[in-house]
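Shared between the two complexes below is chain A, which pairs with chain B and chain C, respectively.
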Partner chain A sequence: MPIYLYIDRGTFVHRLHPTVKVFALFVMFWSVYWVDNPIALAPVGLVMLWIAQLTDSWPNFYRLRWLFAILVFTTTIAWMVFYRRGAVLVNVPIFHVSRLSLVFGVGRGIKLAELLAASVLFLSTTKIEEFTYGLQRIRVPYRVGFAISLSFRLVPLFIDSAVTIVDAQRLRGYDFNEGGPIERVRRYVPVVIPVFMGALRKANNMAMALEARGFGFSHEPTTFIDYPVTPADITAFAFLIGLGALYFMLYWTGLGGIGPLK
Partner chain B sequence: MSDLRLMWRNTRMVVLCAISAALYAAVLVPFKVVPLIPGVTELRPANAIPVVCSFLFGPAAAWGSAIGNMIGDFFGGVSPGDIFGFFANLAYGWIPYKVWELIGRGQSPISRSPLGILKYVIACLAASVLCADLVGWADNVLVIRPFAMLGNVIIFNNMVSALVLSPFILAAVYPRVKKGRMLYTDVMPEVKLKPVGIRAFGFALLIAGEGGAWIFGNLLSTGYWAPKFIPAWMNVAPYDKPVAIIVGPFILLAFAGLFMM
Partner chain C sequence: MKTAAHIVSATPGPHAVWVQGVTFTYHGADRPALRAVSFVQSAGEMIGVMGASGAGKSTLAKCLNRIIPEFEDGDFRGTIEIAGEPLEHLRVCDVAPKVGMVFQDFESQLFSTNVAHEVAFAMEQVGMDRAEMDRRIIPALEAVGLRGFEHRDPMSLSGGEKQRLAIASVLALRPAVIVLDEPTTDLDPEGRAEVFELIAKLRTQGLSLIVIEHESEELRAADRIMVLREGEIAVDGPPAEVFARTDLLMGCGVRPPGLGHALKLLGIDAQPENVEQACDAIVRAYPRLAATLVDNIADPRASEPPATAENASTGSAFMAIEDVSFSYAGGPRVLDSIDLRVEGGDFIAIVGQNGSGKTTLAKQIVGLLQPATGRVIIEGKNRAQMRPAETAREVAYVFQNPDHQIFAATVQEEVAFGPRNFGLADGEIRRRCDEALEAVGLLSERQSDPFLLSKGERQRLAVASVLVLRPRMLILDEPTTGLDHREQLRMMALVRDLNRAGIAIVIITHTPWLVAEYARRVVLLRKGAKIFDGGVREFFMQDELLRSSSFRAPEITELSRRFGTLALTTDEFVAWVKGRA
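Then we have the complex of A and B:
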């Protein structure tokens, strides 16, 4: 069962320094955060589409296509309930359908979709090792970084064992979709217990193996992986600074707002 | 608070943290049972894991819950609100055993007495409400989603798993873990509890803070209450500023209480 989004393509985005990739994710969040207007959100969306094409990340976007659609739709609907401003266009109970609430809702929906797209691009082009290296560079303690990377490594193992148990129970005629929502949650008890016990059996051996290899002996352990800073990293960094600054200016000048309110 | 820091010195606790996180993410990613708000949240059996792990592994489960949720977010997309989601899930895994240490009085969490069940519900509810408050507050302040929408759904979601799934898993797992001397009290005996009076005061602050945050978060984000002391230009949808100004201190109060426990 494929769970990771990483796609190994070797493009220049894939080869960027991990710290630049983490910074790129931050700049995308920053840029999207400052503006509300769907039109102002378009340029950063186009940049993401361009990067998706460049890095061949389309399979991941296709995989999450429904999530994107549902996210925009439910966010628009939700804000039409809670954002009760502007002249009402159509009388619908509970909802406040006005030009303002529609623009605001659609803007929020696109905003969330762009945040999701930024994270999909990040995960499509960044390995777990690079992510944990990036964490160490921003001074996250080694033991915390190690726990995060170990957790990432263990997830596929536990998912595999959970899926095997689900299949085994289904073969015995156990129906996970029977009953109402609460009953359906309760039916996962026979799955979770064996996965849990299997995981606990590993814990003791894992701790002993780690200590036998000198885990915790040094606060700054050595590493085989080295990420040199290249001219491409500096260029990408400068571009990202420009993009972040541009979006802050859009907010500052009021061009990123929705109509006369800002 | 010292338990959250001290656990990183213990290799076994680091491993238990990674296992709690991986278990949470492993059940979170493939098993999403019923969508509550499509694209936002769904009824998920994984929410039972942090509660179970909390009673078993204490502080390791708190970090495990935070990391596990972060891994789950990585498979479905991250947003700025997920930084707060990290701390909200830290609280979700941290509160049950802290509250149980205070109100459980040495009782086993798998006790089936009416009082034992009531204490268990209080511990889970305290954890769920603070988790929901923090995520709801952050999303409303960042104008991603309204507090009233997310805050209540998270409480419901967490409580369903904690009440419907966790007791069964705990009943099956707790005796075995205890026999194997893998409970956090066995793995980390060096952690000493604070005096009962301080912990009880902390618990009172926690309840007052999270209860206040939940009530005012709902009133403000739906526009039912427009405080007079806040300028009129702030008291408009999406109510991000009133929620930030009024709900924020209650959440801080709740965390201050939690740190005292």
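Then we have the complex of A and C:
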């Protein structure tokens, strides 16, 4: 089973300049940040769906479908407990079920899902090397950029390791589902410690291997791949500026809010 | 065609490596890991470094590219020069263009998303221009046999290919010396063969190589063998001389080559490099055996076993796999209509190339995976109807990496974790822990921190942690990986004792001599299908099957077949020869 998200499809999105892709990620986050209303979140969501279709990133969304579902569902439910505004529609103990709490909860769920979707699209279409290069171009120091991009590569390895550790403990009769929510979290100690120790060991091995391959030799490493700026990059950049500006306007005009009580 | 010769730098002067009085003590350690080590490596020379775990092999390797003392805290003394240049005051990254280092853990040394980029990585770091990188990438990939793989994701490569890629990435910098620290430990036989073929090729191209390795047979082609013991050079000389000193090697925790050891036990003073030479030496010393020689080892006479086979199976099926097939989501079939019966007291080795389905099959047995079709029966019960905890009491599974389960503060707590999950009384837990720790030889370490144990001890702790549940069947996934010979023998002696106590054993392994010496039955998987299930002797007679599965019989078995018999161990063969002489 592939543990990385990058899908090599060679579409025009894949071929965009790394800096444009990093900027696109930023604009997606920016746009989602400014609005709360599900309807206002729809256009950026549609853009993401369009990109997903264009780049054939659906396998990654399918892999993470449960995460998306849980994110939207739990956030909606949680805000119906904590967002206590608007006229109650149905009396349910603990919950405050109103039009506003529903809209706000669903909006928050969609917001988180869109943040995740933007990241998935970025990682589906951007190689680690491009990520590093993109960060370097926006003046992030090489070491910092490399560390950030490498962490994306390591996360799936740690997840893989955690799955093995959960299996190992289950085979010693351990039940992770015993007890209430807090007890269940506590019961993950026999997983967290081996994952943490393994991560330290792997990080140490990787650091040695990196330096042994010359990492740190030069403050300005060269790049093997040439990333020329093309008209598609300029078009995409202009489109992203427009999208970012549109969302700021939605916030500024109040159209991105959830209603009069915002 | 360009070969490695084209990417090797100019001869780096008379000495590739010059090491003088190197001593290193890790921070907090009570004794040095290396003590006054001195040696010289000539340009183009290949040195094989051997020794038990903790003898100082990896420490020495790390000193050669300044990982020690730059990376590890401790007290470093001595001088090292590479191609005449002292390393003192250099950073690890400054040494990278001079000394290429290939590590055991291939997953941790690949950072890129395609093969060409991986090779370019080190060149990018040293600031090489793009045109020069372009000129070097293809020859480096050609040198390791990965031409045409430029656009492949390194993670999609096999273990052997990953290690060859790691070698290509250091070759591209054209270092004076390449150090390979146990580069084949985690590889299947095919991957090992690929890497050692490449090492032999690089050797002929004049590269200076230092290869750390546990298997002595693989280092016969080296110019020199250096054996380390407790941080000091115990012996350093040509392979023929060093391998002849079997007592010294065994005292250093090194397994001597099987052929040479056999000849020594037969009183023959020779250090053969291959089966043919060993055969000739035996015939010269025992002329009467010439009559038993078989021209063609497929000759039916070669199937005569020395009749020492041991069989402890009880005959009743404890576990049965019936027509099990399985695929991971959206993927091809990983298991294809597998049938398998395990009887109480069985000792089975499951072998096959990486990706053949060995671990997936084990996970089906213990219930970590559910079959798409077919079923698994344990003690007459359908495993699908058993809870994981219920299965765990019948069948235990020891993962390849013991660190995947260790978390407790003491050895005792770690072992007690399993029985606690089953709600056993404190007295009973204590009794079982003592019993399990005694069995694995860790009773005296019960209050120790498990993270401070050696790899071999942690592996035995992992066995104790499941043994404490008193299972009737034990599955061990690569139980000897990463252990030195002494630890391997200790681990396998433990497994044999458990088997003799009535526990059915299933080991997943790539190591021919383990199969020959310990197993009584072999199951060979290929692409998810079971293609052999039978006795060990019968298995090692299937030449075509072995070849097509990239598995091979131990050299001693191959030698015995030349004489029309089939011995699985050195002792068995020596007894057979003496009986006929």
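Simple rule for what comes next: the second predicted complex is superposed on the first by the 185 of 262 C-alpha atoms of A that agree within 3 Å, B and C clash if a C-alpha of one lies under 4 Å from a C-alpha of the other, contacts with A are read in each partner's own complex, and residues count from 1 in each chain.
Just so we're on the same page, a residue touches a chain if its C-beta (ideal position, glycine included) is under 8 Å from a C-beta of that chain, and two chains touch if they have at least 3 such contacts.
Note that the coordinates shown come from a computational prediction; the quantities given were computed from them, not determined experimentally.
In the superposition on chain A, A:I70 contacts chain B only, with no contact to chain C. Touch counts on chain A: comparing chain C and chain B, the chain ahead is B. Judged by the touch definition given at the top, the superposed model places A:D226 against chain C, while chain B stays out of reach. Contact with both chain B and chain C is seen for A:L210 once the two complexes are overlaid on the shared chain. With both structures placed on the common chain, the touch criterion links A:L54 to neither chain B nor chain C. When the two complexes are overlaid on their common chain A, residue A:Y33 makes contact with chain B while staying clear of chain C.
In the superposition on chain A, A:Q169 contacts chain C only, with no contact to chain B. Contact with chain B, but none with chain C, is seen for A:S151 once the two complexes are overlaid on the shared chain.
Shared-chain residue A:K202: touches chain B and chain C both.
Using the contact criterion defined above for the overlaid structures, shared-chain residue A:S218 touches chain C, although it does not reach chain B.
In the superposition on chain A, chain A positions 1, 3-4, 150, 153, 157, 189, 191, 193, 197, 202, 206-207, 210-211, 215-216 are in contact with chain B in one complex as well as with chain C in the other. Of all the residues in chain A, the ones that touch chain B in their complex are 1, 3-5, 25, 29, 33, 64, 67, 70-71, 73-75, 78-79, 82-85, 104, 108, 111-112, 115-116, 119-120, 122-123, 141, 143-144, 146-148, 150-155, 157-159, 162-163, 181-182, 184-186, 188-189, 191-193, 195-197, 199-200, 202-204, 206-207, 210-211, 215-216.
Residues 1-4, 6, 8, 127-129, 150, 153, 157, 161, 164-165, 167-175, 189-191, 193-194, 197-198, 201-202, 205-218, 220-226 of chain A are the ones that touch chain C when the two sit in their complex. Listing the residues of chain C that touch chain A in their complex gives 62, 65, 67, 70-71, 91-94, 96-97, 100-101, 103, 105, 107-109, 111-114, 116-117, 120-130, 133, 137, 151, 153, 155, 169-170, 173, 328-329, 331, 363, 366, 368, 388-389, 391-393, 396-397, 399, 401, 403-407, 417-418, 421-422, 451, 465-466, 469. The residues of chain B lying in touch with chain A in their complex are 8-9, 11-12, 14-19, 21-23, 25-27, 29-31, 33-34, 37-40, 43, 45, 48-49, 52, 63-64, 67-68, 70-71, 73-80, 142-146, 148-149, 160-161, 164-165, 168-169, 172-173, 176-177, 180, 182, 221-223, 236-238.
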